[in-house]
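The structures considered in this document are given below.
Two complexes follow with chain A in common, the first pairing it with chain B and the second with chain C.
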Partner chain A sequence: MRDYIIRRILIVIPLLFAISLLSFFIMQLSPGSYLDDLRMNPDISEELIRKMEADFGLNQNVFIQYFSWLKEILQGNLGESFTYRIPVAQIIGSRLFNTLLLSAAAMLISWGIAIPIGIYSSVHRYSFLDNIFSVFSFIGLSIPNFFFALLLLFSIVRFDIPLPINGMTSIMYDYLSPMEKAIDILKHLLVPAVVLGTAGTASLMRQMRGQMLDVINKDYIRTARAKGLKEKKVIYKHAVRNAINPMITIFGFQLSSLFSGAALTEIVTGWPGLGRMMLTAVRSKDLYLAMAGMMMGSLMLIIGNLAADILLALNDPRIKYH
Partner chain B sequence: MQHKLKLDDQIKVNSGKTLWQKKLARLFKNKFALTAALIIFILYFLAIFAPFFAPYSATKNFKNKFFHPPTKIHFTDENGLTLPYIYGTEVKEGWAEYEINKEQKYPIKFWKQGDSYQLLGIFESNIHLFGVEADQPIFILGSDNYGRDLFTRILYGGRVSLFIGFIAIFITTFIGLIMGGISGYYGGFIDSVIMRAVEVIMSIPSFYLLLALAAVLPLDLSSAFRFFLIVSILAFQGWAGMARVIRGMVLSVKSEDYIAAAKALGANDKRIILKHILPSTATYVIIRATIAIPGYIIMESGLSFIGLGIQEPSASWGNMLSAAQNITKISDFPWLLLPGLFIFITVLSYNILGDGLRDALDPKS
Partner chain C sequence: MTKKIITILILVLFIFNISAAAELKDPWISKKEQGQHGGTLITTLLGDPKTFNTIIAKETSSSTITDGYIFEGLVTRNGVTTEYEPELAKSWDISEDGRKYTFYLRKGVQWSDGEEFTADDVIFTFDVIKDENIPTSSRDVLKVKGEFPEYKKIDKYTVEFTLPESFAPFLNNMTAPIIPKHKLYSAWQKGKFNNTWGINTDPEEIVGTGPYKLVDYKNGERVVMEKNNYYWRQDPNGRSLPYINRWIRVIAESQETESLLFEKGQTHYLAVRGIDYRRIKTEAENNNFSVVDAGPAFSTNFLVFNMNPRNPNLKIEPYKYEWFTNLNFRRAVAYAFDKQTMINQALAGQGTKQWSPISIANKVYLNEDVKRYPYNLEKAREELEKGGFKWNENGELLDAKNNKVEFTMVTNAGNNVRESLVNIIASELRELGMTVNSTPIEFNKMVNQLSSEWNFDSVLIGLTGGVEPHQGTNVWMSNGHLHMWNPVQEEPATEWEKRIDELFVKGAAAVDQEKRKKYYDEFQEIVAEKLPVIYTVTPNSLYAVRDSLKNTEVTAYGGVLWNIHELYLED
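Up next, the complex of A and B:
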C-alpha cells in the first residue's frame, strides 16, 4: 500500500510538468500580450513598458520564458501578476480557499442528499417517490449551472427573499463580530453551493440507486435474508457497504465537473474563487496568474483523484495494489 | 409436438430481424425516449428552417422597441371569435415601458412576405410563416436590448447551439476511436505516449482548459470560422475520455478467438481494427455520443455566456443569456431568461434519449 501511494505521487511530477508545458504554450498562442493594452494607454510611458518587458521577460523567446518561469516556480515563486502588480501567491491563496470552501459545501449538499435518496429509491424501486426522484434527477442533470444560478437570483429578487445576490461578504463585513462574519459568509455561500450541489446530487443519486440495485440482487444479500436478518441490517450492513465502493471512484471523477461547474457558478454569483480569477486573468492575458490558476486547478484535481483511489483501497480490503 | 412447433415459430419470427432491428424495436417501445427524440427533431427542424419560421431576420432591430415584453395575441374581439390579431404599442415616457394602444389592431398574416433569406444556402425566398405590418413588430417572446425579436434569435441561435454539439461529437468520436484503437491494439510505446497525453488533458479542469483555449481566439474572426474553432476546442478537450475507454474495450476484444482467426487468415492490421475490433465498440460509441452531446451544448453556451464563445451579432443561446447577467435586467425583463429554457429542454431531451438508448442497446447495464 505504501509503495503504491509513493509511486502514484511520483507519477504526479512529470504529469504536472506536462500540464505546465501545455498550458504555457496555449497561453502564448493568444495574440498580443498584456503590454499591448498598456501601450494603448497614453498615461504610461514607453520606458515603463520596456522596463516591465524586461522584468517579466516578455521580450524573450517563448522557450526561455517557459524555463525561467519553471525555475522560479520550483523555487516557490509563482511570479507577479501583471494587472495587480503583487505576487501571484498572495492572490491565489484566498481564491483557492474560496473555491475549496464552495466545492466542499456543494459536496456536502450533494452527498448528504444523494446517498439517502439513492438507497431509498433502490429499496422502493418504481414506487411513487422513486419516480418523483427520477424526474428531479433528470431535471437537475439537464439544467446548466449558470442558468440555474440565474433562476435562483431571479427568484430572490422577485420574491424579496432576504439573501445576498452577489459576492462573498456584505459591505458591513469589516464591522461584524466573528460569529456574524461566519453567518454572513454562509448566507452568501448558500446560492452558489445549492447550484453546484444540485448538479452533483442529480448524478450521484442515480448512480447510488444503480449500484444498490446491482448489489441487492446478489447472492449474499439473499443469504443474509435467508439467515433471517432484519431488513434494515441487510440493507445498511450488507448492501450499502458494498454499493458505496464504486461511489468512491465516482467521487474522483466528480471533482473535474465540480471545478468546472464551480467556475461558471462563481462567475454568475460573483463568488471570488479560482474560476472567476481564471476568467479575468485569461482575458487580460495576465500570464503568470493564469498559469498559477491552471496549475492549482490541475493539482487539486490530481490530489482529489489520488485521494479517491487511496480511500477506495482503504475501504475495500479486496483491492490489492502492487 | 405442439411445444416444438411454437419454438419453431419463434425462431422464424426472430430470425427475420437482425440484432440492430431488435435493438431499435426495443427503443421504439420506450415512450419517454421517443418523445424526447421527437422534441429534438422538432428543435433541429425549427433551427434549420429558422428563416422561414422566424418573422424577421436575426439582426433586424426595431428602434424604440428594446426590452419590449412578449406581445399578447388576441383571438376574440367585441364580435366574438376572430382571426388572431395584436394591438399596437407605444413607448411611455419611462424607460422601456410600453402602453397598449387599443385603437390600432394589426391582424397576424400567415405566409407573409418580409426580409429575404436563403434557405439551406440554395433557395432564395422572402416568405415567413407569420408576421404583421412593418410599423408594429410582433415579439411573441419579447425583444432584447437592441429591440431584436427574441423568438427569431432563439431560432437562429439554435443553429449554433444545436449543431455545435453534433459536430463536436463527430470529431471527438473520430479522434477518440482512432487514438483509442491504435493505443489498445499496438500497445507498447505508442500506447504509453497516447495514454500520457490523455492523462495530461484529463488532469486539467476542463473548463479552465476551455477558457485558456477560447481566449486564444482573436475577436475579429468571421462567425463561421469562430464556430469551427470552438468546435475544435471542444473536441480537443473531449477526445481524451473517449480514447481511454475505447482503448480498454480494444484491449479486451484483442484476445478474443475471432481476432486470432482473422490474423491467421492473413488479415492486415487496418482490416482487423476497422472490420473486427471497432464494430464491437459501436454500441458504446452511440450511447456515449448521445450522452456527450448535451455536455457540449452546455459548454458552448457557458463559453458564449461569459463572452468567449460565439460573438454578437451572431446569436447563440449562451450569448443571448449573457444579456440576462445583470440582475436588475432579469427582474425587469424576465423573458430574457428564455434562451436558457431552450438549452434546458434540449439537454433534458438528449439525456432522456441517451438513457433510453442505453436501456435499448445495452440490456446488460
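Up next, the complex of A and C:
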C-alpha cells in the first residue's frame, strides 16, 4: 500500500508537467492576449501597448515564456497578475477560504441528502415517496444553477424573507460578536450552498439508488436475510458497504471542485469565491492567474483521485494495490 | 489622576497639531441647501477594483472607486453643464498664444492624512506620468506634437505648464488625478511604483485630497469609505463637507443582483437597465424612490465596414473592397437601419437615435444638423442602383460584375444589446437582397480582427465618448490605430479623411471654444455624409434614486454621485 501511494505521488510530477504544458499552450494559441481590451481604448496608444507587451514578456517566443514561467513556479513563485500587478498567490489567497467554505457546505448538503434518500428509495422502490424523490431529482437535474439561484433570490425579495441576497458578510459584520459573525456568514451561505448542493444531490441520489438496487438482489443479501439478520443490519452493513464503492470514486472527483469554485452561482449570489475571478482571468487572458487556477484545479483532481483510491481500499478489503 | 493628565496632554497635542496644520484659505462653499451631516450611503459596484493606483488603473472598475472620490485633479468638469470648474486649482490663466497655462492652487488643502497639498505634489504627479516606465494612458494624451509639456513650480502654490504649441484639449487632461508625493515618492524612486497601492494595500496608506478616504476593502464583497475630515469644500454654514460620513459600496457582480438589492431597499440608487425600466417605474409609485431619465448616455454603437486595401481576404474576394468603399452601398445600409425597432427591441424603448459621431449627451460639441438617413428601404434600393448594384430573379443582390453580395457581420458575444442590434440590421439587409452572416464572436477575437488581422467584413462595436472631441483622435485621424475601417494609414486614403485630419489638428490648436466647435461641426458633417461608420442607437441613462437622498442633480455625464460632497441623507 505504501509503495503504491509513493508510486502514485511520483506519477503526479510528469502529469502536472504535461497539464501545465497543455494549458499554457491552449491559453496562448487561442486568439488574443491580455492587451486586447486596452487596444480598444481610444486613450491608449499603440506605443504604450507595445511597451506593456514587452513588460509582461508577451512579445517573446511562446516556448521562452513557458519555460520562464516553469522556472519561476519551480521556485514556488506563481508569478504576477497582469490585471492586479500583485503576486498571484496573494490574489488567490484572499479568496481561497471563501471558496472552500462554499464548496464544503455544498458537498455536505448534497451528500447529506443524497445518500440517505438514495438508500431509502432503493429499499422502498416504487413507493409513493420514492416517486416523489424521483420527480424532484429530475427537476434538480434539469434546472440550471444560475436560474435556480435567481429564482431563490427573487422569492427572497418578493416575500420579504429576512435573508441576505448578496455577498458573504453583511455590512455591519465588523461590529458583530464572533457568534453573530458565524451566524451572519451562515445566513449568507444558505442560498449559494443550497443551490450548489441541490444541483449535486439529484444525480448522486439516482446513482446511490441504482447501486443499491444492483446489490440488493445479490445472493449474499438473500443469504444474510436467510441467516435471520435484522433488516437494518442487512441494509447498512451488507448492502450499503458494497454499493458505496462507485460513490467513493465520484467523491474523489468532487474533491477537485473544492477549490475551483462555481462561477455562475458565485456571480449571481455575489459570493466572493475563486470561480468568477478565474473565469475573468481566463477570458481576459491574465495568463499567470489563470495558469495558477488551472494548476490548482488539476492538482486537486489528482489528490482527490488518490484519496478516493485509498478510501476504496479502506472500505473494501477485496481491493488491494501493489 | 494620571488619566486626566494623559487626556489633557493628548488634547494639547491635538490642538497643537491642528494649529500646526495648514489653514484652509481657499475653501469652496456649497450653494445648495444646507443638509444634515452624518449617515451611511450604500451603493453598488459591478466589479472588484484591480488597483488603487489611479495613475496605472485602466479599468473603470478601479477608477470609479478612486477618481473624484479619493483623488482629484487640478480642474474638473461640472456634472450638469460639463464646463470646466476649478478643483485643486482655484483658478488658472492661459497666455495669449495658448501655450502657457498657469495654475494657482488652493492654499491650505490637506491630504486625508493631514499633510498639506502643494505644488510639489503636482510636479511629482507629472514626473510620474512622464516617466516612460509607468504604463499610464495619461502620458500620451498629454503629448503635443509628440512632446511632453514642460512644467515647473513657480512657488508653493503656483505651477506653470508650457506647451510646444497651442493645444486646447490640454485643460481636459488637467482633470487627471493628483497623487501625494509624501506617500509615493520613495516607491517611485525605487522603481516600484507600478506595484504600489495594489488591492492588498493597507487602506491607511492610500491618501488623497478627495471627499472620501478608503477604510476597508473586502475582496469580492465591498469597499468601505469614510469622510475625509480635512476636505476643502464646505457647507453654507462653513462646516467641512461631505455631509455623508460613511459610504459603503457593495460589489454586486451582476446587474440582476444590483436591482434586487435596490428593490429590497438596501441601496440608495440604481442604474436602471432598459429592460427593467417599466417594472421599476411601477414600483416607484408605492415605494420611496423616484426614477430619473437623465437622457442619452455617452456610449455609442456603430457598424463599420472594412475599407482597408490591406485586408488579406481581398486576394480571394477583391470585390468586397469595391462594395465597402462604395458610398452608395454604405448609404443604402444606413437607410436600412430601422432605429425605432432597435430602440424598442434592443433597448426596451429607452434609447435615442444617433446620427453624429459625437455622443448625443455632449452638450458642448454635438452638431444636430448633420445628414440623417431615416429608415426607408425604397431609398436604400435607389442608392444601391445608383451604386451599380442589381438584383437577380431570386431577389438576391449582385454587384456590377455579377458577384453575389454576401458578407459577415460580427459583434462581441455576451453583449445582449449589440447582439440584438446585429440581428435587426442583418434582417433588414436581407430584405435588400444581401446575404448577411451574422455571428457574435469572442471579444478578443474581434479585437484581433479589427486591430491587427484586418480581415473582417463588418463589425458592430461601440466606444464611449467624452466631452472633449480630441479624445477621439485615435479613431478619427487616418493614422490612428482605432481608425477601424482603414487603420494606421501613412497618407490619408481619401480627400475627406484628409480633411478630418486637418480639422482635428485645427480643432486642437484653437483655444476659443466657439472656433473649435466650428471645426468639430464640420467633422461631424463629413462623417455623417461619408459614413465610414454607421451609427445605431444610444441607451438612455436611467436612475432610480431613493427620496431620502437629497441635493441630487442626476445627469448622463455625472450620474447620481458627481456632486457627492453636497448629497445628504434625510432620516
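To be clear about the criterion, the second predicted complex is superposed on the first by the 286 of 322 C-alpha atoms of A that agree within 3 Å, B and C clash if a C-alpha of one lies under 4 Å from a C-alpha of the other, contacts with A are read in each partner's own complex, and residues count from 1 in each chain.
What we mean here is this: a contact is a pair of C-beta atoms (placed from the backbone, for glycine too) under 8 Å apart; a residue touches a chain by one contact, two chains touch by 3 or more.
This one's a predicted model, so the numbers in the text were calculated from it and none came from an experiment.
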{"item": "First, second, both or neither for A:Phe154, with chain B first and chain C second", "value": "both"}
{"item": "Which superposed partner A:Ile302 touches (first chain B, second chain C, both, neither)", "value": "first"}
{"item": "Touched partner set for A:Lys51, first chain B, second chain C, both or neither", "value": "second"}
{"item": "Touching partner for A:Ile86 - first (chain B), second (chain C), both, neither", "value": "second"}
{"item": "Contacts of A:Leu279 with chain B and chain C, given as first, second, both or neither", "value": "first"}
{"item": "Chain B versus chain C as contact partner of A:Gly293, first or second or both or neither", "value": "first"}
{"item": "Partner chain in contact with A:Phe259 - chain B first, chain C second, else both or neither", "value": "first"}
{"item": "Partner chain(s) touched by A:Phe138 [first = chain B, second = chain C, both, neither]", "value": "first"}
{"item": "Chain B versus chain C as contact partner of A:Ile26, first or second or both or neither", "value": "first"}
{"item": "Doubly contacted residues of chain A, that is, touched by chain B and again by chain C", "value": "30-31, 150, 153-154, 157, 165-166, 267-268, 283, 285"}
{"item": "Footprint of chain B on chain A - complex, ascending", "value": "15, 18-19, 22-23, 26-27, 29-31, 138-139, 141-147, 150-151, 153-154, 157-158, 165-166, 256-257, 259-261, 263-264, 267-268, 275, 278-279, 282-283, 285, 290, 293-294, 297-298, 300-302"}
{"item": "Residues of chain A touching chain C in the complex", "value": "30-33, 36-48, 51-52, 55, 80, 83-86, 90-91, 94-95, 98, 150, 153-154, 156-157, 165-169, 171, 174, 266-273, 276-277, 283, 285"}
{"item": "Residues of chain B defined as touching chain A within the complex", "value": "196, 199-209, 211-213, 215-216, 218, 294, 298, 301-302, 305-306, 321, 324-325, 327, 330-331, 334, 337, 340, 343-344, 347-348, 351-352"}
{"item": "Complex contact set, residues of chain C against chain A", "value": "42, 48, 50-51, 53, 56, 58-59, 132, 135-137, 139-141, 194-195, 198-200, 216, 218-222, 224, 248, 250-254, 256-257, 260-261, 263-264, 442-445, 447-448, 450-451, 461, 463, 471-475, 481-482, 488"}
